[in-house]
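My questions all concern the structure below.
Chains here go by letter, A, B, C and D, matching the order in which they are written, and residues are numbered from 1 within each.
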Amino acid sequence: MSDWQVKYKSSLKDRGTEGILKLREGMLLFVPNDPTSDSKLKVLTPNIKSQKYTKEGSKKPAWLNLSNKQGDSHIFEFQNYQDMHACRALITKALAKCEEEQPKKPAAVLTSAEQLSIADLELRFKRLHKEFVETKVLTEDEFWATRKKLLGKDSIRKSKQQVGLKSMMVSGIKPSTDGRTNRVTFNLTSEIIFQIFAEKPAVRQAFINYVPSKMTEKDFWTKYFRAEYLYSTKNTAVAAAEAAEDEELAVFLKPDEILAQEARQKIRRVDPTLDMEADQGDDYTHLMDHGIQRDGTMDVVEPQNGQFRRSLLQDLNRHAAVVLEGRNIDVDSENTRSVAEALARVKQVSKADGETTKDANQERLARMSRLAEMEDLQAPQNFPLAPLSIKDPRDYFESQQGNVVNEPRGAGTLKRNVHEAYGSLKESILEIRTKGLRDPLIKPEVAFEVFRSLTQTISTAKNIIGKNPRESFLDRLPKSTRDEVLHVGKLKDAMSNSYSQLEAMKESVQSELRHQLSLLVRPMQQALDAAFQHYDADLQRRTAKSARGSAGEANGSV
Amino acid sequence: MSNQRKRPNGEREEDDEEDDAEGIGQWERAYVDDRSWEALQEDESGLLRPIDTSAIYHAQYRRRLRMLSAAAAGTRIQKGLIRYLYIVIDFSRAAAETDFRPSRMAIMAKHVEAFIREFFDQNPLSQIGLVSIKNGIAHTLTDLGGSPESHIQALMGKLEAAGDSSLQNALELVHEHLNQIPSYGHREVLILYSALSTSDPGDIMETIQKCKKSRLRCSVIGLSAEMFICKHLCQETGGLYSVAVDEVHLKDLLLEHAPPPPAIAEFAISNLIKMGFPQRAAEGSMAICSCHKEVKIGAGYTCPRCKARVCELPTECTICGLTLVSSPHLARSYHHLFPIAPFDEVPTLTSANDPRRKLGKSCFGCQQSLLGAGNKPGPCVTCRKCKHYFCLDCDIYIHESLHNCPGCESIHRPKSVSLMEE
Amino acid sequence: MPQVKIIAKNFMDMVASLTAIKLDKLYNNVFICEAILRSLPPLAKKYVLQLLFIDDPVPCTRIEEWVLPDGLSKHRVAIDRLIQLRIFTETVDRREGTCFSLNPTFQNNLQKHIISGGVLPREPMNSSNGIKLPSLQELETYALQQWECFLLQLINSGQGEKLTGISSSMMKVFQRGLLSQRDRDGPRLTESGFQFLLMDTNAQLWYIIREYISNAEERDVDPADLISFLLELSFHVTGEAYNLNTLTDVQRTTLKDLADLGLVKLQQGRKDSWFIPTKLATNLSVSLADSSVRKEGYVMMETNFRMYAYSTSKLQCEILRLFARIEYQLPNLIACAVTKESLYNAFDNGITSDQIITFLQQNSHPRCADRVPSIPENVTDQIRLWESDLKRIEMTQAHFYDEFPSKDVFEGACNFARQWGGLLWEDSKRMRLVVKSEVHNQMREYLHTQGN
Amino acid sequence: MATVASKLYSDDVSLLVLLLDTNPLFWSNRSTTFSQFLSHVLAFLNAVLGLNQLNRVVVIATGYCSCDYIYDSSLTLSGNSESGRTGMPALFGSLLEKLEDFIDKDEELIKEQEHDERIASSLLSGSLSMALCYIQRIFRSGHLHPQPRILCLQGSPDGPEQYVAVMNSIFSAQRLMVPIDSCYIGTQNSAFLQQASYITGGVHHAPKQLDGLFQFLTTIFATDLHTRSFVQLPKPVGVDFRASCFCHKKTIDMGYVCSVCLSIFCEHHKKCSTCGSVFGQSKLDGASTVSDKKRKAPDS
């Protein structure tokens, strides 16, 4: 992380001690220069309540005043504001981080406990593994799959996505004018700021230079947008005039220097043997943007002071480039300055190891070119399909109906009697054709009997009542792999809300069943109570001497 | 940007009409919307006749069928019977477009719902999850699960469109999810993409490679126009890429993903899955089901491993995670294993010495007369094995829904013979 | 439309209303049993079938056992109908409570019918004999023609081009109720007349047949015979020719009328003459239950209240004219508009908006029929609205009271009227009130009691 | 529109597709003769046709070597539904005639094929498929069609080799919402028919005494779909949906299923005996997870 030369004072009057302020993971360290001094200091970041700091321009030195939860305050005097702001930024960031850690505190406690003894963890898994795999409740990989799933769940929860840059161009944001006064208002979001910085290094640089030393952020942006506005009016004469007497403004209007040199670098990288000469036909440059203006109106071409003219094509290209690069820094976009710096840093890096990334973007280029091939030239990459070596369904499913197969297969006998079988069929048909249906078709008493019996079955089917609704509930209880591999914490929550659910359940059921139900539920609740007691005891024991107790036991009791 | 795209089917005039829409009455509007005149054609005598869609439909159908069977050239191929499919729906700004009426969003939702139902009907052992893209971020609507209703609810809840769309974020998210699932499962992603651009935080190419590595089969259905990146994605991961021209087409394209896809050799990892075949609980017995956590009287099944009660099959035991099915559920997938070969078309011109003289003039399946107008033999198809003739409707029905050939089924063929024919 | 059902039912009621002897006489004919069986509500059919081969009575509870709770009403209807038709005979058993058994004649005949099938009293002419019979289509068109021109004649008997051979006296019978014969300005269609025209063919047919039967006595013909003959007729095969001389004289005369109605086609052979039942005839027993033969729809209703009817029929044109303004008529197309005026005079003639709408729905052209709703809402709504427009004022007979002796008498009167729910209007200042005439009498008495 | 139509078209109009088991091997060793059985069935058909003159009946013979249509009430002479009833002869005559030469054909087939070991089952799968095709055609015929249902009159035992086909048909019927009633008159119960009726919401019944068959048929199976909505019919007895494993043919409630061909085993194998795919992957997979568990555990 980063260190700073600072003076530390416990109060405003204190004349302070020279020393180095170090920002470390989760804490803030102050090491005085003379070892003798007793004013060592260590502040845990989570404890920092607020930070105040002196504004630029005020004659006060760059003070940063951290007050922690206990209420006592530490004041650091930096050599310059730049450091101070940097430090501040980092602290805020740190704070933010432990903010989002805040919610999963309890889990954290446990995990830390686990971390303490990986050995213990191993042990636990061994035992679980034994219990389940040896006893054939689970197969090897089922066991691990479950484990993996649980871990996976966490990991997913952690990972957070970033938004890609808007594909809409920043310069597209139109000023909103209210009719009466002739003031125009741009509204500016951190997102837009980021994009501006990303697309216009010059502006970014300007920001780093001017803010806060020369001007406040606010007037910086007003200036910027004034320039934008001027530009959008296309009244270059005025623009030129303004630029003349305000060099900051000029910065915005002038074509971006940094970009220009980047471009030059890139060109330098290009293989010299490549013939970059284009013939007349390809030359569109003489028609300005093909006459397109950003807002669709035709462009009035003004040869003079062309330096204040940006072409739409340039903007588009630049924007495209930035979008493709994507968001390669991760800072909270609230703090404009930090954003600017971060971006700047990235640029430095990329410039610095331009050589190293050479091959990187070499192979990127390679991939690009591969993709850029014409489709019909590309070999159709269809994947080989997996063949299915399987028998004919008929005998394949011979086995499916095991219970039916035990039918005497009349093969031998078949041969003989099949034909007289057919014969008899035909006879009986003939019989009907000659005699007609047998009359009476069915004896009344038989019919009556049949009807009666059927009615019997119906009526019995109607008033069937549930046999033993009281199926032992203890086997229903969550006792299995999942909970075993689960953290105790999770289990506890699960159990406690299942407890409440049980309660709710009792209410939900209509009264006549409620008694039955409570019979069902009671053992479960008792079991849960037992589990809770055990858990609390367990917890105390663990907290007493570092986490020895294992989740396994807690579950075991359930 | 996606809002100045033209659709082939004469969206242009449509727009123009909309311009003077206030001029015309509601009743005219109705016709402007459903271009009823397009369903008419002029016959030789110059009269207007409704186009007989059936013939066209059948032709299309046969083309599709042949295409599919071509994939499985003769030899039987494995199908991804146990699928873990994530449906990614792009609810970015572009989804609010109204070139599909009432809006892409609505249409997507409608057909995805239909798709989900069909999917579970065809792949009872598979699971679906829903992801939506909005404001450049991918959100998980539902985790992988087997019950259509829950998905559909979640989907219908989330119907508004905004912001950009990010292919990469979506892929990343889905990838994280799908990495968790066991190796035997076939990991698939189906993306309904209506935006014409993707704004990603990083390099999407890497993401695509990542997906390829972890055997995700990504398919995309575009609603606007073909995009290179989508095409690339699908090519790399062995999925299908298609762009819908209109609502009907969209529906068809979606439903093409319902039957299990042929398993790609390098992806297919066979394995034994542990499954429970629970017995139905006694009528009127009372228990607390582990899926809804409420008291159920009567119906329900009991997990053979942890004895937990679940309401319906197929499902995954909420307690011990065992897959619970009943034998019919397995049976539902059998027809994917044993698809019936497409029937051959019978050349109608050979009416003089027509073999149908012998085989009777009616469809073997439904007894419908195969004689077209004026007693000349109409179009019909025949099964290679049993040589029986079928009408076109039966042809479709047999291949789409029934999955066995009545002719072959009603001939008892001794094993020896049948093996020969394999 | 409600009327259809009523009429259809009425016919069964006619059968039911016959005396026991006559019913049994009916049941002697196998085909009647069959026809009756078909006309029963589904549940009743089931019961008959169940008991078909059971001789000794079956307790009602045992039958009821099969019915689910929400089917009980249906069960009762079925049983009532069966008893009404004397198919079930009710006996009370000590242990079992009420028991049912099938009417023996009915049972036997039905059994016979099911086992060996009924044999018609006459054989169809064997085709070898040289007369060429009309094809089914021809027959169908013939039947419809007959029927339509009969209807036409029925409607505008004013201009008397004699189309059918139906005696004017007979025609009078049919027109009774449909036309109101006013002196001077020719006959006008009455309310029910219009409704009649909007029914579908079977319903109309049955209405006519009912009239025909009900005035059988006047022509000293036994209605029972008539009914049995008609039902029997409905079992003949359409398109087959049957010999006339297998019939009794009564039947022959009846047959002539039926021919005019298009139920049968008479054909003169070389030596003897034949009759060929048409679809109308064979559907006679159909419309006992719900009708099912429906000709294809021909009307297209547009959202702009214009209506196009693909029809050449004069009758249909007439029918449309009932509620729409015919604008022009092409060879196969009638273009008309549904206007406020046209509807108003339809309403005047007592046609309800619902009838019109159902008519439109039932006759809407197939291509419109598959789109929902087949008739545009705005039209249906408008029709309803216009109808309700006419119903702004309603008349109630009332009496007016004033000159009350004192305030409290007046108050009392008001309260009294209110109690009887007869108070329409009161003016406490000038002590006047208006009361429904239903309560007038009570009112009067009350006031008398007050008076003294 | 549809509502109006269905109002006009009485709700109890039904199409009954009867699958008649004409397996000689079954009938040869039965106490009740085929003629008895047949007369009951014919009477039943006639009764069904009698209930509503729009009712239609189709009979498909489920033979030993073949299946075929032997009766279609809508095809009888002069086309319209009346004539089926004019003379019983018309119905029975045509039916019996067809049936007879069907049986002749069937016999021919069995002659020409050499004999193989197989259960004396009849081709249920075939007749089911045909029935469904026919019903599909009815559905096609417009929105005004009779309510179709299938009735299997089956005596001979299930043919395991038909399992797939039968199941496919059942599911297709389920999708079409066509109930498959089944009346099993054989000796031991039929798993096929039970499942069919259970899945498609039809009625399954195995009458005790065959001399009362007609009564059974009319009381239970004559009930049209409309009436079923408010009438109680015999509930399907609990159908056992537990699978039986391929290796030992014993019914199991927990087992292993091959992810490729879905064949069922009662214990873990290295290699699928049906489709020959090797499950080598699993252990390797397990190992990997072990390692990454070590990695993951601390930061979890």
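Criterion: a contact is a pair of C-beta atoms (placed from the backbone, for glycine too) under 8 Å apart; a residue touches a chain by one contact, two chains touch by 3 or more.
Everything numeric in this text was worked out from a predicted model, so none of it was measured.
The most centrally placed chain, judged by C-alpha centroids, is B. The chain with its Cα centroid farthest from the Cα centroid of chain A is C. Averaged C-alpha coordinates put the centre of chain A at 52 Å from the centre of chain D.
Our note on geometry: chain A versus chain B, Cα centroid distance of 29 Å, whole angstroms. Centres computed as Cα averages put chain C at a distance of 43 Å from chain D.
The multi-chain contact residues of chain D, meaning those touching 2 or more other chains, are 43, 88, 116, 118, 161-165, 214-215, 219, 232-233, 243, 260-261, 268, 275, 282, 285.
Multi-chain contact residues of chain A (touching two or more other chains): 139, 141, 145, 148, 388-390, 393-395, 397, 436-437, 441-442, 447, 451, 458, 462. Looking at chain C, residues 50, 53, 65-66, 114-116 sit in touch with two or more other chains.
Interface of chain A with chain C (complex): residues 436-437, 439-442, 444, 447-448, 451-452, 455, 458-459, 462. Note for the complex: chain A touches chain B at residues 137, 139, 141-142, 145-146, 148-149, 152-153, 155-156, 159, 161-168, 323, 326-328, 364, 367, 371, 381-390, 392-395, 397, 464-469, 471, 473, 475-476, 478-482, 498, 501, 505, 508-509, 513, 516-517, 520.
Chain contact summary for the complex, chain B toward chain A: residues 1, 71-72, 75-79, 135-138, 164, 166, 168-169, 172-173, 176-177, 179-180, 182, 197-203, 205, 228, 232, 235, 238, 262-268, 274, 282-288, 290, 293-295, 297-298, 305-309, 319-321, 334, 337-338, 415, 418-419, 422. Every residue of chain B that touches chain D in the complex is listed here, in rising order: 78, 81-82, 121, 182-185, 263, 268-280, 283, 304-305, 322, 326-328, 330-335, 337-338, 363-368, 393-394, 397-398, 401-406, 409-412, 414-416.
Contact residues of chain D toward chain C in the complex are 1, 4-5, 7-13, 43, 46-47, 50-54, 78-80, 82-83, 85-89, 91, 214-215, 218-219, 222-224, 226-227, 229-233.
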